[in-house]
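Each chain carries a letter (A, B and C) given by its place in the written order, and its residues are counted from 1.
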Amino acid sequence: MNTISTSVKDRLAIITLNRGKSNSLNREMVTELSDMLHNIAQDENIGGVMITGKDHFFSAGLDLIELYHYNEEEAKSFWHLFLGFTAQITAFKKPLVAAINGHSPAGGCVIALACDARVMAEGKYIIGLNEVPVGIIVPHSIFSMYAFWLGKSNAYKNLLEGKLFSPDEALAIGLVDELTKSESILTAAERRVRKYMAFEANTWQQSKLNLRKDLIAATSADQSKDLEIMLKQWWSPSTRAILKSLIDGLQKPKS
Amino acid sequence: MNTISTSVKDRLAIITLNRGKSNSLNREMVTELSDMLHNIAQDENIGGVMITGKDHFFSAGLDLIELYHYNEEEAKSFWHLFLGFTAQITAFKKPLVAAINGHSPAGGCVIALACDARVMAEGKYIIGLNEVPVGIIVPHSIFSMYAFWLGKSNAYKNLLEGKLFSPDEALAIGLVDELTKSESILTAAERRVRKYMAFEANTWQQSKLNLRKDLIAATSADQSKDLEIMLKQWWSPSTRAILKSLIDGLQKPKS
Amino acid sequence: MNTISTSVKDRLAIITLNRGKSNSLNREMVTELSDMLHNIAQDENIGGVMITGKDHFFSAGLDLIELYHYNEEEAKSFWHLFLGFTAQITAFKKPLVAAINGHSPAGGCVIALACDARVMAEGKYIIGLNEVPVGIIVPHSIFSMYAFWLGKSNAYKNLLEGKLFSPDEALAIGLVDELTKSESILTAAERRVRKYMAFEANTWQQSKLNLRKDLIAATSADQSKDLEIMLKQWWSPSTRAILKSLIDGLQKPKS
């Protein structure tokens, strides 16, 4: 695996996102994450999972630079892959906790939302779903994930402004469950996932699937029609222009 | 149009409810509102909408005096019209903000609930859904709208008491988003709608439709069976008696 | 009736749970409750219902001692009975208020959740859904009931920890609506149910059914497949071991 590394400690798998400086998600990384979750789901020696990033970045979200250069076929297939991954991680039945050690906007936030609990590092970090300002249409499945934790009203209002939250704001609105110092985040996240792992495993996991029934239905639903509208927008001059200007900003050397 | 007036200011349409003293909703007014929203939806020169009322009244809700005198056919067709209008305004895709400059019970509150944000004037005003005390059965679609903003528990409890809120209470429970002095309400509402209008329009509007998917399904669902039960109650002696006594109160000259 | 007693006071039925020391629910008690609700639903002389328990125990939940000794056929039929009862009480249309005068975990909490309002006695009591620690898989229908009052996020997190709440915590999270001294609980609950009974009855009751439409659908859904998974877990050595140790604790004489 090139973009993630995984270690196992006493039945707990720790997936560390590890791609470039900011863990931006491209096809390879989403594929590797998907494969890893698939393997862990089958592995009887693993009872729970923690996902974490690198210093200052849990994940910056989708790799807009790579995505910008995808052709029509590649873009379509990537978005299918990403929504399929969203469905898979939502339906992952073992305990799954995010240790969000830095920025976590957009796609980074989606991964965190799929987890059972979220611990975030204090600091000048951002987290939230900011698709609308970027010119990306928010699918119903992503709203369902946001609304599951924030409630419909807060999910709606914040999505339609593309609001990004500080860790304190994220805690207050229920987007994360706990804030810690950076150096304590793995300990705090491990405490949470091991609490879940202490219950009778099948009881806990089947209950989790029952509790997520509607959420799994929303993320697993056929979204081809929504994707068509979304991809049409993706290729529109206005969204291309927003993406171009974002990418130019990302690629400009910091002075 | 006899019951509403509309002006346009820099791509923003301002619909002013303007019927009688209290903007109570009758067939003509609901039809005109519906036609106006239909036109605005098609009009490429309009990017967003504000709905406001007159001093002290956003809208007093349905015109019970006129409705009381409808015959069976008229009552049935009015309720179909009103629920159809509710579905239409819920699925209206351009930014829509309510400037609630006075009382807004029942049907007035329904219009406000369909908006993306609500600004309300401070003062001795009431807002909320008080159908139950009036003897009107609350349809599932209206509950869905209330629960979208208040959460299911608060929507349930308050509907079953027909609770009317002061502006402060409405803010606290999430029924409105902001309170202002009467004289500042249009400015405050305009600030909100223009914030939405600043985003790439198709991205914002398609996202809005995706976020409202379940709500649109609930308001657009065939409610004929519910309506039958509701109309049977409407014509029952007990509800007729409540309506009669409310109307007598409304028509009595204030001493 | 052996396990419940019912009195009627001015159109208000008061059901008192009365089985053993702790009102634990067995087949007989669930059947009697179901029959009583069925009769009250039909009885035109009754306009509302209060359910209460005995000192210190609203209901300790399912009678694990009796259930532990059920054979496969009996266990399966009991769980079908209990989920059917849950569907019935959720769809009960007359005003229904719980006077929770003591402990109310698991099945006791489920009965309370089906009510329109909950008043709880102050004191060292517990309430909540703790199926997961007991080794019982939580069905989707029970999650729907919990989430209706607590919101999805709180329902999810607390179910997956099997959290039991103190009365103060239950009030803060919205699981109960009011706390009172033990001696005032019937007065407080009566005040609430009579408030509902004061409205035009058919309007209130049909509105209640409309507001609960999704909840009734969730509890009335065919859950045979979920039950199969749940029963398989019920008979697994790990859940049998948890149940055995709980029962041993219950049957040990207090020193």
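Simple rule for what comes next: contacts are C-beta pairs under 8 Å (C-beta built on N, C-alpha and C of every residue); 3 or more make two chains touch, one makes a residue touch a chain.
Please read all numbers here as calculations on a predicted model, not as lab measurements.
Asker: If I list every residue number at the interface of chain B and chain C, are over half of them used by both copies, so same, or under half, so different?
Answerer: different
Asker: Can you tell me the C-alpha superposition angle of chain A onto chain C, nearest 5°?
Answerer: The best-fit rotation has an angle of 120 degrees.
Asker: Using CA atom averages as chain centres, what separation in Å is found between chain B and chain C?
Answerer: 37
Asker: Going by the touch rule set out above, which residues of chain A reach two or more other chains?
Answerer: Within chain A, residues 151 contact more than one other chain.
Asker: Contact residues on chain A for chain C in the complex?
Answerer: It is residues 116-117, 147-151, 174, 177, 195-196, 199-200, 202-204, 206-208, 210-213 of chain A that touch chain C.
Asker: Which of the residues in chain C end up touching chain A in this complex?
Answerer: Touching chain A from chain C are residues 131-133, 135-140, 143, 151-153, 155-157, 159-162, 226, 229-230, 233, 236, 238-239, 242.
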